[in-house]
Amino acid sequence: MDTLDLLNSVKDGKITPEEAERILRMKPFIDIGFAKVDTQRDIRKGNTEVIYGAGKTPEQIVEIASVLRKNTEGCVMVTRCASEAAEALSKEFKDGVYHDKARIFTIGSPRTPSENSRVCVITAGTSDIPVAEEAAVTAETLGSRVDRIYDAGVAGLHRLLASADTFLQARAIIVVAGMEGALPSVVGGLVSVPVIAVPTSVGYGASFEGLTALLSMMNSCSSGISVVNIDNGFGAGYIANMIDRRTAPQ
Amino acid sequence: MDTLDLLNSVKDGKITPEEAERILRMKPFIDIGFAKVDTQRDIRKGNTEVIYGAGKTPEQIVEIASVLRKNTEGCVMVTRCASEAAEALSKEFKDGVYHDKARIFTIGSPRTPSENSRVCVITAGTSDIPVAEEAAVTAETLGSRVDRIYDAGVAGLHRLLASADTFLQARAIIVVAGMEGALPSVVGGLVSVPVIAVPTSVGYGASFEGLTALLSMMNSCSSGISVVNIDNGFGAGYIANMIDRRTAPQ
Amino acid sequence: MDTLDLLNSVKDGKITPEEAERILRMKPFIDIGFAKVDTQRDIRKGNTEVIYGAGKTPEQIVEIASVLRKNTEGCVMVTRCASEAAEALSKEFKDGVYHDKARIFTIGSPRTPSENSRVCVITAGTSDIPVAEEAAVTAETLGSRVDRIYDAGVAGLHRLLASADTFLQARAIIVVAGMEGALPSVVGGLVSVPVIAVPTSVGYGASFEGLTALLSMMNSCSSGISVVNIDNGFGAGYIANMIDRRTAPQ
Amino acid sequence: MDTLDLLNSVKDGKITPEEAERILRMKPFIDIGFAKVDTQRDIRKGNTEVIYGAGKTPEQIVEIASVLRKNTEGCVMVTRCASEAAEALSKEFKDGVYHDKARIFTIGSPRTPSENSRVCVITAGTSDIPVAEEAAVTAETLGSRVDRIYDAGVAGLHRLLASADTFLQARAIIVVAGMEGALPSVVGGLVSVPVIAVPTSVGYGASFEGLTALLSMMNSCSSGISVVNIDNGFGAGYIANMIDRRTAPQ
Amino acid sequence: MDTLDLLNSVKDGKITPEEAERILRMKPFIDIGFAKVDTQRDIRKGNTEVIYGAGKTPEQIVEIASVLRKNTEGCVMVTRCASEAAEALSKEFKDGVYHDKARIFTIGSPRTPSENSRVCVITAGTSDIPVAEEAAVTAETLGSRVDRIYDAGVAGLHRLLASADTFLQARAIIVVAGMEGALPSVVGGLVSVPVIAVPTSVGYGASFEGLTALLSMMNSCSSGISVVNIDNGFGAGYIANMIDRRTAPQ
Amino acid sequence: MDTLDLLNSVKDGKITPEEAERILRMKPFIDIGFAKVDTQRDIRKGNTEVIYGAGKTPEQIVEIASVLRKNTEGCVMVTRCASEAAEALSKEFKDGVYHDKARIFTIGSPRTPSENSRVCVITAGTSDIPVAEEAAVTAETLGSRVDRIYDAGVAGLHRLLASADTFLQARAIIVVAGMEGALPSVVGGLVSVPVIAVPTSVGYGASFEGLTALLSMMNSCSSGISVVNIDNGFGAGYIANMIDRRTAPQ
Amino acid sequence: MDTLDLLNSVKDGKITPEEAERILRMKPFIDIGFAKVDTQRDIRKGNTEVIYGAGKTPEQIVEIASVLRKNTEGCVMVTRCASEAAEALSKEFKDGVYHDKARIFTIGSPRTPSENSRVCVITAGTSDIPVAEEAAVTAETLGSRVDRIYDAGVAGLHRLLASADTFLQARAIIVVAGMEGALPSVVGGLVSVPVIAVPTSVGYGASFEGLTALLSMMNSCSSGISVVNIDNGFGAGYIANMIDRRTAPQ
Amino acid sequence: MDTLDLLNSVKDGKITPEEAERILRMKPFIDIGFAKVDTQRDIRKGNTEVIYGAGKTPEQIVEIASVLRKNTEGCVMVTRCASEAAEALSKEFKDGVYHDKARIFTIGSPRTPSENSRVCVITAGTSDIPVAEEAAVTAETLGSRVDRIYDAGVAGLHRLLASADTFLQARAIIVVAGMEGALPSVVGGLVSVPVIAVPTSVGYGASFEGLTALLSMMNSCSSGISVVNIDNGFGAGYIANMIDRRTAPQ
C-alpha cells in the first residue's frame, strides 16, 4: 500500500512531512503549455499515451513526442498524422516509421505479440481499407498479430464465408463498414469472440458520412457487438489489442 | 383516340357541344364532402382505390367503402383498419373479411393469381410479422401467390439459406426488418429479382422507431433494392404484386 | 440439383472426395488484396458485378476491371467514374466508352434490349439530369430501351401531361427530383407500373442535400412507388431494368 | 401625431407633465398575474388578441376571455380549445359558439366579409380536415368568405383540377397536407395568388409527425408559397384573411 | 368559356376536329432538350417564368433566357446568377442588368409599381444583406416600390423602432434574419400586414446553416408570419410583390 | 494546509499512520445501496446536495432525504417531485413544504437573502410558468429575493418594457420561453447582467418539444446569455442564485 | 474436417448421396412458424440463443423457451420480459427465476464462474440501476462474478474514486449512464481493461431519450471504450462476460 | 426621471414641443447604410458594442470600428477577425493589437481589472486552445485577470486536479471542450462558482462538429453550469467577465 508506506516513512522520520506532501501532490505529467503530457498513462492504462495528431501543428506533435520519448518506455504512436507532420517527425526521430495508409507514425519498436495473439480486421469494401489499416497498425504496434480480410461485404456473402477459417481463430474481431453497416451483424452471428464494429464515412446521400452505419451497428440483432466512433480505427485496434493480450489460450 | 372520337361526334352532330363539354369535364370521382372517392382509379392504376383507414372514423370508412363497392369492380380493401372499423364494416358487408394480423379488411373476392405468380415475404424477426402480413395480404388480395419466410434474420444466417429454394423462385421479394435492417442487403446479394425493403419500427433506443432500418436499407451495397416507408407493408405488397403480375414466365 | 450431382459423382468414383471438397469450397471470386472480385455475380444476380468507382484509385479501378473483363462475360460497368479514372480506363480498354454526363464507363457492348423493352426516365428539373443520365445509361447498358423526359416538374404540370403518351408505354418509370420531391407522387397517381423514385441533392437550405426529397418520396400518397438513395441513379436504373427485362408483353 | 399632440397639451397647460408622463407610460394591457392581456392588440394588429388554449386551464382561459370581452371590441377567439374549456366558456358566455372540428371557441359575432372576399382551403386528404377547419373558421371569424375543397391530393390529380373554378377565384389559398406535402407545389403552379402551405402531422413512419411535409413545402419549386408551423391552421387562416381583406377587387 | 367556344367552332365547321384536338393538346412550352421552357407561365401565374441559375451552365441559362425573351413579354429574370453566367448574359442581352449583391440578372424593364406600392425589407444584421437584396430586387423587378431597413436586430431594439414610420406604411414586410431568427416575431407583433420571414445561413455552430432560424420563425408567437426556405430571398420578394400588387389603397 | 497538518500530526505521533490513512481515504458520502449520498457537497459547492426526484421511487426519495437531513445543514430540496413523493415526504418531515406549481419539496428553512439580493424571472407566456416557478423557488430556497414577470413575450413587446423598472434592478435574470425562444435575445439587449435562458417544451409541431427554443437561445445575437437544458428551471435558479449571492452592491 | 468425413462416407458407401445431401442441408433450427429457433447457436456463439421478449406475446415466449429448453443445454434466458410473460413462464418452468429489476427470466442454473472471474458494473445515478441490473444478471447468468457500484456519477467524483479498489480488479467494466454520459470517459482514463459504455434513456429535454449520452460516449477522449445501444444492458453484459470468461489470470 | 424632466422643460417653455419630440425620438445609433452602429450600447449593456467580424468585408469592419472609436469610450473589439481584416485595421488604428490565436482585434486599452478579479479558462485538449483564447482575450479586454489551464481533459484526471489551487480561486470558470464534452461536469462538481461551458467543433465522426459536446454539456448532472454556442469563446468570456466584475470579495 503506497500511501501507507509513505506515511510509515514519515512516522519513522525517514522522510519529512514536507517531502511526503510533495510526493503526494507530484504531478504525473509534464506541462509544456499547450499540452500536459501524461507520462504515467502506461501505469494506469497499460500503454503509453497516444498522440492524436488532428488539430495539432507539426511542431506541437514533435514536441509532445519528444517529451514522451524521453519520459516513457514503449513505442510512441501518433494517429491522424498528416504527411507534413510525418516529415517533421521523420527528421527528429531516426527510428520513426510512417504507415501512410493508416496515417500513423510510430517511434520505437512495437510490442512483441504473444504466441497465440490473433486479431482479425475485416472490411466490407475497398474504400474502408484506410480505417481498417489504422485499426490493424494500432493493434500491431501494441502487440497483436493481425489478419486482414478486405472487401468481404454482404453483397457477396461467399467472400466472407471463404475466410471463415481465418476469422474463427481470432480472439477479437474488428469489422469496418460504411454504407448500411450490415457486416458486423453477419460476422457477429458466426463467432464467439467480441466484435468491435467501426462505422466508416464511406458512402453518399443518406449514409450521412457514417451516421447510418453507426446507427445500424448500434442496433445489431447479433450479440457480442460494440461500436466505436465513425472512422475510429485507432479505438477499435486499441480495444481489440486489450482483449487479445489478456486472453488465455483456449 | 377518345377525344378525337368525341370531337368527330360533335362535328357529325351526334352529340351537342354542350354534352361534349360536360363529358370532357365530367369528374371521374364521387364527392361525399369529407372525401372525393376516385372511382376511376382502376382504369389509371390497374387496381381499385384502397382506403387508408388511419385517421378516419368507422362511419367515414363505411361510407367510402360503400361508394367504392357500388361504383367499381374488384375487391375493396381497407388498410390500417382498427378493430372498431372492422366491426362496422362487417355489419355492412356480409362478404367482408378482417385479416386481423394484417389489420386489413377486404370486401369481395381477391383477384385470382396467374399460374406462375410467386411473391416471397421474408422477415428478420417475429416482431416484424404484422407488417409482413400487411404486405402478404395486400399482394394476395391483388392477385399474387405468396410464400412467407418469417424469423430469418442475419444473426442466424443458416435460417435464411435453408429457405433459398423458396425465395429463389419468387418474381419479387419483400424483406421486412427492424433494428439494423441488414437483411435486405443479404437477400439482395443472392437473388436476381427486385427486392422491396420495408423498415419496421421494431427495436428500441437508437433504432429511432424504424429510422435506422430505413437509412440502412437506403444505403444497401446490394443492387436491386428499393425501399418504402417504415411499417408500410401495404406499399411493398402493392409494388410486389405489380411486378409479379406483369412478369413473363422465365 | 448441383450438390446432388456432385455427390453422385463421388459415389460413382468419378471424382475423389478431395476434389469434391475443393469444388464445394472453391471461392467464386478472385482475391487481389484490396478487393475480392465477384466473378460469379452474373450467375446469382443476372448481371456482371458493377464497379463503384468512388473512393477507389484509377489504378484499383483498372485492375478490378481487368479481372472482371477476363473472367466474366457481358459488359463491364464502372459508376461514379471520375475523369481521371476514365482516362486510365480508356488507355487500357480500347472498346471502352465514357458517358460523361452519367459518369459511367462501359467496356464491351451493352446487352441488346428485347422488342417491347421500355423504361422511362423523368426529371423534375434541368439540374437533375446527371443523376437521370446515370439511371438511363445503366438501364441501357443492361438491356433496356430508355425514353427521357427532362424538366417536367410540378410547377408546370402541363409539361408532364404533354408527355403522357410516352410514359404510359413504359414498363418501369424512374422519376428523378430534388427540392420537395413531389413529382413521383404525381406520376405515381397516373400510371399502373412501378415507379422508382430517386431523390437528388439539387436544392439549397432546407433541402438538406436531398434528405427532404428522400423523406417526401418515402411518404408518397400514391401507390406503387419505392425509393432509392439520394443521387443513386445507378440503383434506379438497375431495378427498372430488372423489371423491364422480365415483363411480359401486355 | 399623438406624442406631439400630447406635448402641445402639456405646453398649453391642458394637462400636467405628471399626467402626460403617466399616459406615455400607461400599460396597454391588463395584468392578471398569470397573463398580461393585450387590450390594444387590435390597434397594432388589426385584430383582437386571440387566446391560445393549449397549456392553459379552463379557469385561466375563461378569465382571459372575460378581460378581453370587457376591454376590447370584436369577436374573442380561443384556439386549441379542448372540450372541457369549451364547456366552461359556454357557461360563462351565452353568445359563445364551439366549432368542435376546428377546436375553436368564438364569443361575439364574426366580422362581416366584404363583397369580394374569397379564401379557399384545400386539403390533400380526409385526415387533414381538422387542421383545415381551424384555418377556415379562423378566416371566417376574422371576416373572410371561405370555400372548402377537401380530399384533393395528388394521387388523383383530376379531383383537384375539377375544382379549379373555385380555387381560381380565391384571393388567398390555404393548402393543408400531411405525408409528402406535395399538394401546395401543384396548386402553386396553377394560381397567381399567395398560397399558404400548412403541413399536418398526418402520416406515419418517416413522416415524422409532419416534419417531412414541412420540409417538402419549404423546398417547393413553385413560386408564391410560404409555410406555417405543423398543424397551424390558425396561423394560415389569419394570414389568408389579412391578404383577403386588403385585396382590391381585380 | 374557351373549350366551349372551340367545340362550337368544331360544330360550326369553322375548324376541323383534328385542328381542335391539336389545339387542345398544344404544349404551352418549348422543349429544348435539357429544359421545357414554360412560355405561358405569365398567364397562369401573372409573371414570366423565372430562371433559377444554380446548377445550370452559362450556356444553358443563355439559351433558356433567349427562348423566354422571344416568346414572352415582361422582364426576364435569372436568380442565383453567378458572375460567369452574368458575363455570358451581358454579351447576349444588351439591355441586361446584373444586380451583383442580389446575384440577379434582369433582361428588359422592370414592371412599373402602382402609386401606393410599398414593400419593406428588414434585416437583422449586415451579413443578411445579400439575401435581402435578392428579395428587394425581385420585388422591384416585379413591380413594387421597396424600402430597405438593414441591421436592425433585436440586440438593439431601438434601431428597429426608429424605423417604425417606414415599415408601418408597407403592404407586405420581408424580415431577413440568421442566428436565432427572433426579428420576425418582434416585427410581427407590431404590424397588421403579412410578414414573410426569411431565415439565412448566417451564424455558426448550432445555427446549423439556417436551420435554427427557420425553426424559430416557424414557431413564432406572433400572428401573420409565414416562412420561406433558408436564404430564399427570391421567394419572399415574389410573395411580397403578389400581396403588394393586389392590395387596395387603405 | 490540511494534508500537511495531518502529516505533521503523524510525524509528531499524535495520530498513527493507520488513522491518517483512514482519514485520507474516508468517504465523504454515505452509501445506501441505490445511492451514494454526498454529505460534503455543501463544502465543495456551497449548497447541500439537491435530490432529483424523477426516476426515483417515493421510498428512495424519503430515504435519501432522511440521510441528508441528518448529516447536513441547510434546507433539503427535492426537485421534479411528483405528488405521491410529496405526500410521502410530508408524512416524514413535518417542516416540509410542497411547492406544487414548481414541483419542489423543501425541508427546513430557506437561506435568508442578503439585503440587495434580487433575481428576476421572466416568462414569454402563461404556459411557461411551471418551469419559471421551479427556477424561482430554487433561487428563493437558496437565498435570493425573486421578482416574477410572467407573460411578457415578444408578440406584445410593450408588456416587457412596462416592467423595465423591475428587471433592470436584478443581479441575474432568468428568461423562460418556449416556441421560438426569442425573448432572451430581447431582454439580453437591454440589460447589463447575466441572462440565463431556459427553453421550455411549450409549443407544438416544429417546436420539437423545446429543441427549437434551445437552438434559438444558443444563437442569440445579444451578449451575456447562456443556456440550460429544456425545462431546467432548477438549473437556472441555481446559477442565478450563485451570481446573486456573490454580487457586490453596485 | 466434417464435410470431408461425410464425403468419404459417401465414397465408401456408408451413407447414400441422398442422405449426405440431407445432412448437408439439414436445418440447424426448429421452425415453429412465427420463429425459427436456433438450436445450434451455442456451438457458433458459445451461448444458448437468448429470447428477446419485447414485441412477443407471452404465448410465443413460452413456446420458444420450451423449444430451447428441450433442444439445448445451458440456461435459457428471456430479456425485456414483462411481468405477464414472467407469470406465464413461471407456470411452465418450475425452475424459472424472474429477476424483476433486470426484467430477465432465467430457466435453469447459471453457468459457474471461474475463480478469477470479475466484471464490474458502475452507474452514474440511481435511475440507471434497471439497465445496470440487466447487464449484471446477464453476465452472472453466463458465468461471471459481478461487482456493482451504483450512483457514482461525475458530479461527486470522490464517490467513484472511493471504489477504485473494486473496479481496478475487474477484467471488464460496464459503465451505465444517462444525461451527459460522461462517466465512461472518466472510468476509461483510470483502467487498463475494456470499458463497455451503456447510454440510458435517463434524463429529460435535450437528453433525447439517451441519444445525447450515446453520442457523448461515442466521442470519448479515453481509449478502450466501446458503446452499445441505449438501455442495452443485455448487450453489455454479454460482451463483458465474453471478455471475462476468456481472460487469463494476470 | 429623464422623461419627466423633459416634459417639465416643455411646460416651462424651456424647449419647444417640437424639440422635445425630436429628443424623444432621437436615434441612439449612427446609420451607415449597411449597419446601424449602436453608440449607446455601453449605457445599456455596460460595454461598447463588439463587432462580429465574420461575414463582413475588411472595409465594412474598418468603417464600423471608426464610427465606434469616434463616438464611444472604451476599447473597441472585433471578434472572428480574419488576418486580412486585421491588416486593414492595423493600418487605420495605430494603437490596434491583433491577438491572432484568439482572432480578436482590439483598439484602445483594455479595462483595468479590479484587485480580486479572477477568471479561469480550462480546456480539455490542445485543439480547443483557439476558442479558449477567444474567451480569455475577451475577458481580459473587458477587465478581468485570467488564468489559463490547457489540456486537462478527463482522460487524465490528475492533470485537472493538479490545478485545483488555481481554479478554486476563480470567480467564474470557463470550460472549453469538444468530443464528448465531459469536462464541465467534472469541474462543475468541484467548484462553487458559475461554470460557463463552451462546446467546440473539435472531434470527428459522431462529434457532429460540436453538437455532441453541446448536447452533453446541456445535460450535465452537475449544478451551476450553463452553455453557450459551439466555438463561442467570445460569449463565454463576456459572461464570465460580467460575473467577475460584479462579484464582491468573498
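Which chain is which? They are A, B, C, D, E, F, G and H, in the order written, and residues in each are numbered from 1.
Everything that follows uses one rule, which is that a residue touches a chain if its C-beta (ideal position, glycine included) is under 8 Å from a C-beta of that chain, and two chains touch if they have at least 3 such contacts.
Since the structure is predicted, the reported quantities are computational estimates derived from the model, not experimental observations.
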Other chains in touch with both subunit C and subunit H: A, D, E, G
Those chains which touch subunit H and also touch subunit B: A, D, E, G
Copy pair subunit F, subunit G: interface residue numbering same or different (half cut): different
Superposition of subunit E upon subunit H: rotation angle, C-alpha, nearest 5 degrees: 90
Length of the line joining the C-alpha centres of subunit C and subunit F, rounded to whole Å: 59
Subunit B-subunit G separation of Cα centroids, rounded to whole Å: 39
Centre-of-Cα separation between subunit H and subunit G, whole angstrom: 49
Multi-chain contact residues (two or more partners), subunit E: 25, 125, 155-156, 189-190, 205-207, 211, 214, 218-219, 223, 229
Touching pairs among all chains present in the structure: A-B, A-C, A-F, A-G, A-H, B-C, B-D, B-E, B-G, C-D, C-E, C-G, D-E, D-F, D-H, E-F, E-H, F-G, F-H, G-H
Subunit C to subunit B touching residues, read off their complex: 44-47, 50, 171, 189-194, 196, 214, 218-219, 223-229, 234-236, 238-239, 242-243, 246-250
Partner subunit B, residues of subunit E touching it in the complex: 1, 3-4, 7-8, 10-11, 13, 16-18, 20-21, 24-25
Subunit C partner contacts - residues on subunit A that touch it in the complex: 125-127, 129, 150-152, 155-156, 158-159, 162, 202, 204-207
Subunit F-touching residues of subunit E, taken from the complex the two chains share: 124-125, 153-157, 179-182, 185-186, 188-190, 203, 205-208, 211-213, 215-223
In the complex, subunit B residues that touch subunit D: 25, 27-29, 33-36, 38, 41, 49, 52, 54-56, 60, 199, 201, 209-211, 214, 229-232
